[in-house]
């Protein structure tokens, strides 16, 4: 499976505290783990590369794209955002991580403001499984914990998900729908809340396990072949209708 | 209830066959009926007016916006499309009619290609109710018919709806999810398939009844007041969490 | 609107601590409040009355039925449980409160085990609104609190709801989908988590407000008239199909 | 994968016209095909065997159960119906075929009347794919046809499905949601409309392909292990909550 891990990659180059946690960038931390999974072929791409590292050819060969962004959502070109959206329509999976809730590709695919409430408090979080046989929750018990986290709270302004997998509990008093799947065209989108640039969350085994599960779930399916969207037999009735 | 009926209003001015059916435009045909409903205050707007007839002040005072477009979707400015999208996020209802499946506001709100198959055959259509207590189907029996119609067929590339109200049967052999509701932010969107510029569908009582029902359903609700999206108490925990 | 508040009414007669909180029974506490709402006509019924206080005639004239049970679910006759289920199919609303998650009518309507985890700890609970324009959440801000509560935790084994309104946060570390709506036939079911026999939760204004909202939401609709379920024209095609 | 094909097996023994089409019973026609699929181990069971052929041990080792019934739903014991329901809760897949819409196991799992309209007219049917990447539709193009069929029409009184895969078009003028999935506990249910005792529909390759797809989709998943439903740590807070 061809996986591309995209990262804005700004914090890690300008902020010492972030570099201390992710010295080679969040994309590399995640991609290094994915490279250890049999059958996964991860590549990486970042904002400041030409075409943000996402030329059409790479997108066309990507099965699942992971997206991390935070302070530079506005610098992503509309052209690349549309390229990602269109690839999802044709079947690519998209995993939007944490602060990518405000990323252009996710907002274009969901159609809402994607707003939420938040607080940096370094308290702990529990992700409860509310769909225990969902493949994305495979291997997770009733819940798992993140010892120190940034809080994201409801109301999270997204469409009702097609599948709700995790609900987070925060020590500070909030809840959040932390794992959600939406179908869009032939592709699917998974939003996964955990992560923060100053916390080592993307090294935590449970978090990586969910990401691996999600790659498998969003990856290529042996699917129906729907041809001819946008066209129809121009005879008065479809060929077989009168038989 | 303040309702604005928007129409591209091109066919009716250039095509004699269309003008014969809708001499003052599709928007006027619909608005004239809505004006007969107690409590409804319909206005109209068209593409070639300044700001497409949809200045911010009109949008801000509109409870439900109806949208008809067909050959000039691309001429709608991104600014106005975003204005409509944003108004839905804040609570405005949007009813997208027939060929508005490809309109900019709908595509922005749904996030998919909104493609479908189609055929002009002037055969008949039946809209079956699959959610018989849905307010949008009030007053409709098991189904209603449109004697001559343009066919729209599946696969219709939209997100799984929050509410599926009608499924169409076409004499030529196709089916279509013809009435669907999606929540987006504080507002809701209703896609309603019937209609065509050369057929008198928007004079048919059953069709008008559904449109009236939908205006009521998407109109203002006595709703919860969710304040502070995008912010959260910046204390370590929310005020009451430790009590 | 005709509302019937059903209560098992056992604890209150045998347990001094419960009687201290609900001296006339939980049903009376709720019904007394409903009686103060314009247009509401509440009646009550309890387990140990003939037919559990729910003869067919009362069910037939009930718009919304509230159900509280805890220690005697098994004593409810299958006949009465089926009577309630059937009434929901024909359009009655059902509100299942707290420990009614294990009640016969709810289990028959949902088809699952309705299991959950729980703990009596008298810690506090927050109910967060995740569908802020839902009529059941009208008048609630981002969340409301219950100072002392019994905990109910996920996984809650119910079908994916048609509408998810509230998610609870518990001080002890759990989350729970606390307000959910399911359509069943022409009727609807609302499960609402708060409540406990030894805590004065059914006197709390926010809880009563949600119950009132739910009665309105589940009550009679001006609905479509779907006739003839179970029959179809026995001609080869429906009458109009060939026209 | 262990598959059990259950059949009422009455028509085939008493009605010459049925025996001509399914000489060894509908169960054998389906099971014979399933036996040709690598990894599938089909068994059969029928109503008039002891315990309807479904002793607890067989149910416990069944991954997916197919159910056909028509004229003898009422003869299925409540005990066996509950055994099937309970097995689905624990993870077994259930495929309800055609007239099994009124079967006890399906009605118990869905909670509705499962009524529909119908007509024996031997006209043709088209099943349109409305979720083109759904695994159950794998290998199907935009639609497939059944040359002669019994009509089932909306309104079909079932809960809103978690996944809607097929919508049928009937030459006589009706539509029907013909392929739907519901989650129930750890298991899933697929209702598939095609089939009739006097028509050779269960020999048609497209129909068999969908049944095979559905067996794979409902079969065992590598799933999360949710332990302890019905219990919770009885300490005031969960162990890690205060860390």
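First chain written, first letter: the chains are A, B, C and D, and each begins at residue 1.
Simple rule for what comes next: a residue touches a chain if its C-beta (ideal position, glycine included) is under 8 Å from a C-beta of that chain, and two chains touch if they have at least 3 such contacts.
Every value quoted in this text rests on a predicted model; they were computed, and no experiment measured them.
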{"item": "Of C-D and B-C, pair with higher C-beta contact tally", "value": "C-D"}
{"item": "Angular offset of chain A relative to chain B [C-alpha, multiple of 5 degrees]", "value": "180"}
{"item": "Gap in Å, rounded to a whole number, between the CA centres of chain D and chain C", "value": "30"}
{"item": "Set of chain C residues in contact with two or more other chains", "value": "126, 129, 131-132, 142, 153, 155, 160, 171, 173-174, 183, 226, 228, 240-241"}
{"item": "Sites on chain B touched by chain A in the complex", "value": "85, 89, 108-113, 115-119, 121, 123, 151, 153, 155, 157, 159-160, 162, 171-174, 182-185, 226, 228-234, 236-238, 240-241"}
{"item": "Complex contact set, residues of chain A against chain C", "value": "117, 126, 128-132, 142, 153-156, 160, 164, 167-170, 173-175, 177"}
{"item": "Chain B to chain C touching residues, read off their complex", "value": "91, 124, 126, 129, 131-135, 137-142, 145, 147, 171, 183, 186, 221-228, 240-241, 243"}
